[in-house]
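Down below are the structures I want you to see.
In the two complexes that follow, subunit A is the common piece, with subunit B as its partner first and subunit C second.
Moving on to the complex of A and B:
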């Protein structure tokens, strides 16, 4: 699939009726708010990396599913370093049924990073036979780092498939020991496992994205 | 003093329970030794203690005269001790190439450039020796591997990292006949390179072809009896009770 940068497509009012068949890359500055609307039969993939935009980063994104047979796959990777403060507020709103949305967010927090992830699925009364999923995994790499995750559901329709979940944890001590037993320093092990955690989303990002230059 | 992995009067407690009570054992450089014992006798705890995963209560562990006690696991590994785990963990997102490159780079002398071409040539040759397809290099370590594949991946790492001493914790368990043959050949290759080995196993038959220098029976937290292949055969034929 070809990819398009949001910075070149987003209208002044921040509402974009997305054409299907593309990857949409969020390349907007540190603070941004927008709505992506998917009409009937539109299928698109959305990619976002947060972490390189500045000290305070904030995203408010509404994915509106407006037509039947629309499908959204959204992948968000948040990588906080130093004492960054990063906030994600997302809404998957299904206004009509027979459509699907998947939002997958991963975050890593080092040093004194603060990350807040609030994500809500809203299924309107007309959204029967909708499928909406939200999954969030967070890796904390320092005692001073802080991650808050708040997955929410509001379902007003019957006959729907819906799931949401969030997990926050540190590095698995067994994985850490295994790598150290191969002679790799604790610091290098941390970097390796941090990279491994992000790989699931990083590998889907185009090679020319700044976060992917070192791959 | 002869080079050896030497353990003297080792005491070990696991979860408040005394597991080893003054165990002593030496694996001289280039020799193959075998450790046998009942389930739960402390064999795995013992080898995990040697690589720094379980703290030692008392005693001494040295590698070629240098004490390993209290050293972090990465330093123990860099000094030349390698443990092939009985149940290696999966590392999703870390490829076999990444793991081995990081491990070799950690051993690299300061100021010396890492030879990527040599690394890839060595990896390719070792994978071929272990009966692994070239695509394994980009597979995530042990992620989705069968038990036998995990064991081969452990041995692949030993072949590439070239440690002085290798601890093989039930490396033969769960292997089919072909994989067992590959494993035996890999042990022979390590032996030819002069690597000292301590093999923890429950089975003696596959040891016949390896002709170990010593077989040791761990019981009641100490080496209860040492001998040659006749001891392994006796354990296989008559059980631990009779062999004691």
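Moving on to the complex of A and C:
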């Protein structure tokens, strides 16, 4: 699929009225804050990846739904290694109704990684007949890792569909046992399950991206 | 039809009754060191308790109002509040001895009937002090202690002092410090080892005076293998000015013991209800908070379970109904400090007209705790276009050995549902009442039957009032 890189188009003030299409966001500075606005009838899909480089990484992204019939689909993969400290702040704001947004975040935390995921869905009083969903799954791979998730909702309109969910956990002992009983080493099992967890988003990423070249 | 109109009439006047009272002890308005000394002197407290109060007062004065409080607290006017009002120091043991005007209030709330019907013991607090307290003779003989806070600290010091202020210290937050400084009333309960109470203990809290602050302090100690259910109900008349209710509840649950703490809060719409509730569960112990918040201007209540022993379990069932002008900020805290602990939170909220219902909670799994499990679910129902619903959960997990999950949904009563029921001959408000009860039914079943039926009826009436 054809994709566009956001970093080449982002203005200095960080506010961009996004034309429709498939966007990939990867090579931004360690600390970046931007607002992506979707006008009426714009349909966008974003793939974001965090954690390849840098010690302290911070992203603040506001997805503003400014027009009717807009549709946002954003998938975020956070892969923390060593002693990285990663913070994600994402806001899905619906200013107008009859639109849909869907944000899906997966993260893996190894070693002494600290990941903080703060997310908020805001549906303004005008945003009737909106659909907004948020889902967050976090996999902790080390006893020294620390993950905090704060999925928030602020709903000011009553005719809406809205839900969110967040889960934090380690590797399923049954899955681990199954693979170990087939002769796979502990280290390989961990890598395999980590890979399987991330695959859902990784497989949507362009093949020439650094995060995907390791596949 | 006539039944409906009599129900409406009863509802319209249900919170309005208040009685002129002559108080024997009045600490006056505003909070100063003399106020605290006066309360302590009237209650005949030992030196260590006065020092505890004075220390708490200093913490209260130094602590700022938390910036995240969602509602402006200026109508409260801390310097205008009356912090201690009491008619008697000793609660009456026989219902006949309770003064007529107080008896009339609690008669209307159904205290004597409930006690006869299904309670093992009852306490009724009128403003600052318990007006009536009674425990079945058979339970006294088995070593159960069910007294008010002053009596507990003076007569059973060796039992209560080691736990007093340890679960919720005065420095926990500004309002627990305020409670520490001026607390009066509340229940002290001790259930000895292996004692299982078949019938619940109950307390009724009643604010009668205008611009009054009620600061009861409840401490429940449940020894090994014991079980108890505690019910509390709260009401207040409607006044022009605001009242404050800042209670502290501490539960100490020893290994393999079980506590069920049920609250039905129906304060009038001028009461600010800022309560700190926390329980510590030791090995294989169980704490269940069942909470229903219908009244008050602002409720901020996040019952907490500290799972400090292995295989301990915490549970929270929360129902909140936010009417026009009300802010119900409720939730739960589950702190997993030991391995193999589990917790479960079920919260349902309803926003009516411009009411705001919010869930605020935290689930924390410590690094040292292995195989901890938590599941939290909150559902919100919004009835009107101007209704507001908010969710502010925090999941905080250290280490790879715990599983924590949170889910939330927001929905509305659809036109199709209303139309379907109206076609079957129900009026619009009846249809709405039925749908709202259907939404809550799963959680209402968790309440004792008498309370569940009463709550259903109350919610139906609320929907008819809308």
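The criterion applied here is as follows: the second predicted complex is superposed on the first by the 212 of 215 C-alpha atoms of A that agree within 3 Å, B and C clash if a C-alpha of one lies under 4 Å from a C-alpha of the other, contacts with A are read in each partner's own complex, and residues count from 1 in each chain.
Definition applied: a contact is a pair of C-beta atoms (placed from the backbone, for glycine too) under 8 Å apart; a residue touches a chain by one contact, two chains touch by 3 or more.
Here the structure is a predicted model, which is why all the values come from computation and not from measurement.
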Partners on subunit A (subunit B, subunit C) - clash or fit: fit
Contacts of A:174 with subunit B and subunit C, given as first, second, both or neither: first
Which superposed partner A:200 touches (first subunit B, second subunit C, both, neither): first
First (subunit B), second (subunit C), both or neither touched by A:13: neither
Touched partner set for A:165, first subunit B, second subunit C, both or neither: second
First (subunit B), second (subunit C), both or neither touched by A:192: first
Included angle at subunit A between vectors to subunit C and subunit B, based on C-alpha centres and rounded to the nearest 10 degrees: 90
Broader residue contact with subunit A after superposition on the shared chain, subunit B or subunit C: C
Which superposed partner A:150 touches (first subunit B, second subunit C, both, neither): second
Subunit B versus subunit C as contact partner of A:184, first or second or both or neither: first
Where subunit B and subunit C come nearest after superposition, their Cα distance in Å: 15
Subunit B/subunit C common contact set on subunit A: none
Touching residues on subunit C, where the partner in the complex is subunit A: 351, 367, 380, 382-412
Touch list for subunit B against partner subunit A, complex: 51-53, 72-74, 76-78, 82-83, 85, 88-89, 91-94, 98-99, 102-103, 106-107, 140, 157, 161
Residue ranges of subunit A in contact with subunit B within the complex: 172, 174-175, 177-186, 188, 192-193, 195-200
Parts of subunit A lying in touch with subunit C, wherever the complex brings them together: 125, 128, 138, 140-171
